[in-house]
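The first chain written gets the first letter, and so on, giving A, B, C, D, E, F and G; residue counts start at 1 in each chain.
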Amino acid sequence: MENVFLFAGLVLIFASILSLYRVIYGPGIFNRIVAVNVIGTKTILILVLIGYIYGRPHFVDIALAYALLNVIMTIAATKGIEV
Amino acid sequence: MIWALDISMLIFLVISAVAAIAVKDLLSSVIILSLYSLIMAIVWVELRAVDVAFTEAAVGAGITTVLFILTIMKTSGRYEE
Amino acid sequence: MLTTITNIISTIFIITGLFFVLVGTIGLLRFPDFYTRMHATGKCDTLGEGLMLVGLMVYQGFDLISVKMLFLVIFIFVANPVATHAIARRAYKVGLEAWRLEK
Amino acid sequence: MSRLDSKKFISLYLLLFAFWLLLSGLLDWFHLGFGIISTFIVTSFCYDMVFVSKEGKDNPTKIIRLFKYLPWILYQIVLANIDVAKRVLNPSMPIEPQFIKIDSYLKSDLSKTSFANSITLTPGTITVDIDENNTFLVHAIATAPADDLLGGTMERKVAHVFLEDK
Amino acid sequence: MKILPVVVALLTGALLIWAGQDMPDFGDPDAPTNHHVADWYIEHSEEDIEVENMVSSILADYRGYDTLGETTVIFTGGVTVILLLRGRGH
Amino acid sequence: MIDLILAKYNYWIYVVLMMIGFYAVMDRSNLLKKVMGLNIFSTAIFLFYISIGDVAGGTEPVYLHGVENVLYVNPIPHVLILTGIVVSVTTTAVALGLIVRIHEEFGTIEEDKILELQS
Amino acid sequence: MKGDESVIVRTVIRLMAPFIQIYGLYVIFHGGGGPGGGFQGGVILAASIILYVMAFGIEEGQAKLTEKINMIMRTTGLLIYSGIGALAILFGGKFLDYGAVPLPFIHHIPEVRAILIDGGVEVGVGITVMAVMVTLFYEFYPGGSIDD
């Protein structure tokens, strides 16, 4: 099963690197916020999967905390754009 | 095989650091900086520093980004001249 | 025997989730404007990551860790659409033009 | 400080304490004691945030109906993803984006929120804005899903869950 | 783009790379850093303090002074920002 | 040579990150960019410390019960870096406060213009 | 500045905030058993208040957690930490030597130290960090600074 988790982690990182294109070149601030939000939700999964790869899965706490704080980051970023 | 994950994360880290410095729009730069710190959190879980990863996730996503954005709002300028 | 079956089920869940996540990423790259990109990310990421977490829950069995992952699934299903809505609303308020089909 | 409603307070306390137990899982007196104290602090800090008085009637019926609603919405989410996958992977990309407006008769905050989240998760539509007159502004990716939404099936189902049938 | 900052940054980097050649390998279990106090902490921390997380026990007990100083630093930072941004014009 | 690069790759990444941060602190005239460069610089140093304490094949420094002869990662750098992160956050907050104050005083946060205004 | 988020964001934040706070307190009290501790829990607690202020506006937030209570909490946390250290001197130990503090019913010294770390020191750090972070946020938020 470790190979499945490792494969899943690598595919998620590949998807994040594809999304990085939108972060760097994406026209305008909104595309960047969307792409960073997407990479953030992928990060939650990568954190859980690394816990399983190392065989100590009781570190889901970090992923939970990150999920909570990702929302704050997104809402704060949308607030920073003046209407 | 974990080294593949490690190396790709590190390259990701360098790219996002360069992007954070090079982008002209200040708000975009702050958002890329938060991306940088979340990649850093993954690197620290890989190096088995769980507490440090927790702190970095909390600080990088929660506090530093919010403070930077509020400063940009107060200094009333998104674009660098 | 039982372990093999659970492993196969969780692998199926994880692979399906990965497929949807990849579709969302391709949509993020391919769609022509901001609002249509939100369609790809808002839906595919939510379901893809939910499916992967369910697969990990099946692998883990029933204990406190899988309960925490259940919280994570619920949280993603509530928070992801709200984040999508917040970004789209601010873009609409700012007056971002939507892409239309050229006739 | 508004008036303390003891029923709301106790139900929120029990809910949060159950959440604490599921997170902690340690049943020794030390952690249980801290659980009781911290749940009390949080409950007294935000007792007026979760159960709002105008939404507080007949909660058990709502929960039963919510569980009946969940399978349908999950099925719709899967349909939505297959729909997006078809559109993304098709080389010609069959999309014609448009904005539509829906006048809704939903009243409470909770039902509006559920309706907006359901719109975002189901095929081809995302909620963009909601104004004071309960008008939802929806971005649709093609004409067919927009017509589906204007048909009003989902609104009726959400209204049924929150006891707000017309 | 001015030339001086690039040169200074590259020089510093070259110096660090030159110095880094003598470091022990990455992830080497026999590196000297992993064997002075670290072994003692890993072996004895659970007998001394009934806490599973070694980082917590070192942070709050063996190196309690550090953490007290850290908390003081946070407090001072908050007070400094208040002094900078509040109540001007007096 | 190739051995040297592969055996210590974390160290070289830290050097690269540090150079990026250092360059930003020196070259950018916008004060916010300088603070961002400072953040990147400090994270590079943290990466160096944690890399020193890493042990290949080790596990997290949380006790595993019921298993003999577990190899744990060195916990001391983690403790030092926790303190370091906290101090870095406080430094950032104070620096941002100073930037807000500078903007109120001079009306700009570009270093060149501030120097012009002062002279 | 008033919060200008839509009713959807407000409702979700209103429903989520108590759970985020419980989670933050859980992280503070379980610093010994896994990852976490005072600093991380304090930041999560502050994050819940930051979310509340961003959705409902600064006046609502400062009515919930007033500047006076915030000031008291800022100092209380530091006082708890150094107070436990001073208590150890009072009972004949050295400064911050938790084992010297006598607790009722518990005389096993490693357990005393564990309890004082989890329930005393981390709580002090958490309270200080939370109050300072909220203070920073109030000061930087447009219209949040109080002139007295």
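Basically, a residue touches a chain if its C-beta (ideal position, glycine included) is under 8 Å from a C-beta of that chain, and two chains touch if they have at least 3 such contacts.
A quick note: this is a predicted structure, and the numbers were derived from the prediction, not measured.
Under the touch definition stated at the top, subunit B and subunit E share these contacting partners: F, G. Chain centres here are C-alpha means, and the one lying farthest from subunit E is D.
Taking E-G and E-F together, the chain pair joined by more C-beta contacts is E-F. Look at where the CA atoms of subunit B average out and do the same for subunit G: the two points lie 25 Å apart.
If you average the Cα atoms of subunit A and of subunit B, the two centres end up 12 Å apart. Distance between chain centres (mean CA atoms), subunit C to subunit D: 17 Å. Chain contacts: subunit A has residues 33, 54, 58-59, 61-62, 64-65, 68-72, 75-76, 79, 81 touching two or more partner chains.
Subunit C has residues 24, 26, 38, 68, 71, 78-79, 82, 85-86, 89, 93 in contact with two or more other chains.
Within subunit E, residues 52-53, 55-56, 59, 67, 74, 77-78, 81, 85 each touch two or more of the remaining chains. Partner subunit F is touched in their complex by these residues of subunit E: 1-2, 4-6, 8-10, 12-13, 16-17, 20-21, 23, 25-29, 31, 33-34, 37-38, 41-42, 46, 52-55, 58-59, 63, 66-67, 69-70, 73-74, 76-78, 80-81, 84-85.
Here subunit G touches subunit E in the complex through residues 31-35, 37, 74-75, 77-78, 81-82, 85, 96, 98, 110-111, 113-114, 117-118, 121-122, 124-125, 128-129, 131-132, 135-136, 139-140, 145-148, going by the rule given at the top. Here subunit B touches subunit A in the complex through residues 1-2, 4-5, 8-9, 12, 15-16, 19, 23, 25, 27-28, 30-32, 34-35, 38-39, 41-42, 45-46, 48, 50, 53-54, 57-58, 61-62, 65-66, 69-70, 72-73, 78, going by the rule given at the top.
Residues 5-6, 8-9, 12, 16 of subunit G touch subunit C in their complex.
Within the complex, the subunit B residues that touch subunit G are 50-51, 53-55, 58-59, 62-63, 66-67, 70-71, 73-74.
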